[in-house]
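Listed after this line are the structures, all set down as structure tokens.
Look for subunit A in each of the two complexes below; its partner is subunit B in the first and subunit C in the second.
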Partner chain A sequence: MIRRYLRQKFGSIGIVIALGVLSLLTAGEIAAIGRAAVLESGGFFALLVLAAASVSKDASSGALQMILARPIRRVDYLFGRYCGILLAYAAYVAATGALALLFSPLLGKLLGGGNAGKLSPADLVRGAAGSLLSAALLAAVLLFFSTFLRGYGDVLAYFLLSLMLSAPDVLSRPLGMPWLSKLGIAARENILPRVPWEEVLRGQNVVSPATGEFVLAVTAYLTFAAWIFSRREFSYGHD
Partner chain B sequence: MATTDEKVRTGPQSRLPRILFWLVAAALVFRIVTLVAGRGTKDEGAAGLVAWRPREKAASAARSEGKPVLYDFTAAWCVPCHRLDTEGWGDSRVASLVNGSYLPARVVDREREDGKNPAAIDELQRRYSVRAFPTLVVADADGREIAKLEGYGGKEGLVRFLEESRGKTPAR
Partner chain C sequence: MPQQKPFGILRYPMITVSNVSKTYGRFGGRTRALEAVSLEVPRGETLGLIGPNGAGKTTLLSCLLGFLRPDAGRITVDGRVVDDLSIRARTGYMPERLGFDRDLSGGAFLAHHWRLSGGDPSRTRGEVDRAADRVGLEPDVLSRRLRTYSRGMLQRLGVAQATLGNPDFLFLDEPASGTDPLGVAVVRDRILEAKSRGATIVLNSHQLAEVERVCDRVVFIDRGRLTQTETLRGEEAAPRRGILRVPPARVPEAAAALAEAGLLASPQPDGTLHLDAAREEDISRAVQALVHAGVPVLEARASADLEELFRKADAS
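Take a look at the complex of A and B:
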């Protein structure tokens, strides 16, 4: 299943070009500001490219029905897709990191001041690991939505979810209700948690509420995805 | 193979592996452990109506939410800090201003109580040259200082500082 996913993604020239452009842009930014933490935000779009419609596309094309005609467990297919997304993303992160290291001395000379050219390999490794760990959550969320939404509905659902979780915080001020902000933050921290991986990978706050929320959220998304996917019936030709 | 979406599948192909349930149980246990472990730092998020974020989360959320971080450097023994907590952070207008425009995070000094601070707190105090309590520091997503207020001189001064710092960008 992993190989099939990788063949599917890297067999598409459009996806390879999109990932290449994103990789070049992110590597340039990392080298220019000398901070590998950019890999996390820069990798977001790459992960969207890799993880969007990962199940729904197979379902709508009819490929899923052919795969499931074989004696394999549905969760094997689903987690194969998940591992494939993370493997492909790891390759993207590794390539971007290597490019950033390559650009770093060059941009250091060109830009002169600031942090350009001061990228450390240790920082880069931490940034890459943090980026990969953050990707584990986003990929799980998209996979979850992809098990029951059509086409690119998973990406749309992710953005809608992010908006909905930000709304209480934004509305609390004009409505003069500070408790609404607290409620929104609590919801966001549990549904789409963010972990300061840079700190955690330095050995600080490893056992913190943030890491607990993260582990539970990833496990919950994958479990719900497996549960929904294993109970759905797929018809031929359309999802 | 059935051809409708309404039917629900059961059978060996649809069976969920038992390890998945163990993983969920382990994740739940870990979540409880982290909750209990996080209680020790609860004082960092317990002042007034402001929705304080854990220090580490505020910094990482600054980029994604597009807001600057507002650090409140405080200490348990500091009397003006308590005034700030009740008069400032306890005021709904101030709390709304802070919650809407900043990612607020409290940095509680423990040097007097414990003899030393955790490394992360020491690093923050050094980075923003904190010499007194309370000190408020507004910083951008990259940690660059935008504005700083030392001491607490009343609610009006606090509101002025918070409103003025909102639109500022860091000095390069």
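Take a look at the complex of A and C:
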């Protein structure tokens, strides 16, 4: 399943070009500002490219039905997709990190001053690890939505969810309801938790509410995805 | 000593469908796709599913493969539930349209399915080449990406994929759809080959002539209901129509010769003679009578006339 996922993604010229462009842009930015944490935000779009419609596309093309007719457990298929996404993303992060290291001295000379050219490999490894850990949550969320939504509904649902979670905080001030902000933050921390991975990977706050919420959220999304997917029906026509 | 019929083995129902109903849609717009469908498919039988578009054939096939879950009723394959992995390991399935990773080569596609079916990885290359060869796909075609395949080539590849590892159960949905006459023959040969090694086959097809050639029995499905069953082969087979073709100028002479032999034949506008409700021995007798009368027999065959049955079932 993992091999098929990787072949599917890296066999498509469009996806390879998109990832290449994103990788070059992110690597350039990392090298220019000398901060590996950019990998985390820069990797967001790459992960969208890799994880979007990962199940729904197979279901609509009929490929999923052909796979499910074989002696494969549905859960194995699903976790194969998940591992495939993370593996592909790890390859993307590694390539971007390597490019950033290559660009760093060049941009350091060109830009001079600031942090350009001061990228340390240890920072880069921490940035890459943080990026991969953040990807574990986003991939789980997209996979969860992809088990029951059609096409790119998973990406749309993710953006809507993010919007809904930030809305209470934004609306609390004009509406004069501070409790709304607290409610929004609590919901965000539980539904889409953010962990300061740079700190955690430096050994600070390793066991914190944020890391606990993160682990719980990833587990919950994957468990619900498996539960829905194992019960879902896959039709390929109403004849 | 009289030879004992292996009745128990042959009639053992490998596929059992009991009172299966399936409805699509929610909140108002509900469509009943299957209604209390019951049937049994004995070991080694090739069953044809026939019915108009939207009758419920694909839904039944989807339920048999576990893609859809019946609202009511039960389906078992060799005594187990349909999504049992040991059953899946013995199953070959071909959808009406082969939708798979279009960037994959034909060879990689077959290799992937060989591995998915639990095949020995060291035998992948050999099995893939053999399967492709059996459906007439050349090695250079196998190395091409699926997006470059024609519909006929995809159908052939689908048949090769379904028959990989010689499965005990074959579920085929319009396998010859969109193929050229040679492709139709290739599909038929593969079905007959699977049948000869004892596979239990369920075939959904609108190509009635092909269904008649390969199926032992056909069931008619209309508006989700099983309306009629017709046995085409074996001792329980219903009498079929005998069709005899002789030179057009000799048709009256042939009809007279058959009448003399006690066989009532009706001449047709296309120059053939039809023997209604004929058993195989009646056709044999008819050929003998014609030869005896010196009338050349250009063609002699039995036909279940599925088209006629299809019309009757549809009208009823």
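To be clear about the criterion, the second predicted complex is superposed on the first by the 236 of 239 C-alpha atoms of A that agree within 3 Å, B and C clash if a C-alpha of one lies under 4 Å from a C-alpha of the other, contacts with A are read in each partner's own complex, and residues count from 1 in each chain.
Operating definition for what follows: a residue touches a chain if its C-beta (ideal position, glycine included) is under 8 Å from a C-beta of that chain, and two chains touch if they have at least 3 such contacts.
Worth saying up front: this structure is predicted, and the values here are computed from it rather than measured.
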{"item": "Which of subunit B and subunit C A:A69 touches, first, second, both or neither", "value": "both"}
{"item": "Touched partner set for A:G14, first subunit B, second subunit C, both or neither", "value": "neither"}
{"item": "Which superposed partner A:E233 touches (first subunit B, second subunit C, both, neither)", "value": "both"}
{"item": "Contacts of A:E199 with subunit B and subunit C, given as first, second, both or neither", "value": "first"}
{"item": "Which of subunit B and subunit C A:E213 touches, first, second, both or neither", "value": "first"}
{"item": "Partner contacting more residues of subunit A (subunit B vs subunit C)", "value": "B"}
{"item": "Which superposed partner A:R4 touches (first subunit B, second subunit C, both, neither)", "value": "second"}
{"item": "Subunit A positions touched by subunit B in one structure and by subunit C in the second", "value": "65, 68-69, 71-73, 233-236"}
{"item": "Residue ranges of subunit B in contact with subunit A within the complex", "value": "1-10, 12-17, 20, 23-24, 26-28, 30-35, 37-38, 49-51, 53-54, 56-57, 59-61, 63-65, 92, 95-97, 99-101, 119-120, 142"}
{"item": "Footprint of subunit C on subunit A - complex, ascending", "value": "4, 7-8, 11-12, 61-63, 65-73, 233-239"}
{"item": "Footprint of subunit B on subunit A - complex, ascending", "value": "33, 35, 41, 65, 68-69, 71-75, 166, 169-170, 172-173, 176, 178-179, 181-182, 185, 189, 194-199, 204-205, 207-213, 215-216, 218-220, 222-223, 226-227, 230-236"}
{"item": "Of subunit C, residues touching subunit A in the complex", "value": "24, 31, 33, 53-59, 62, 65-69, 85-86, 88-89, 91, 93, 95-101, 103-104, 108, 112-113, 116-118, 161, 171"}
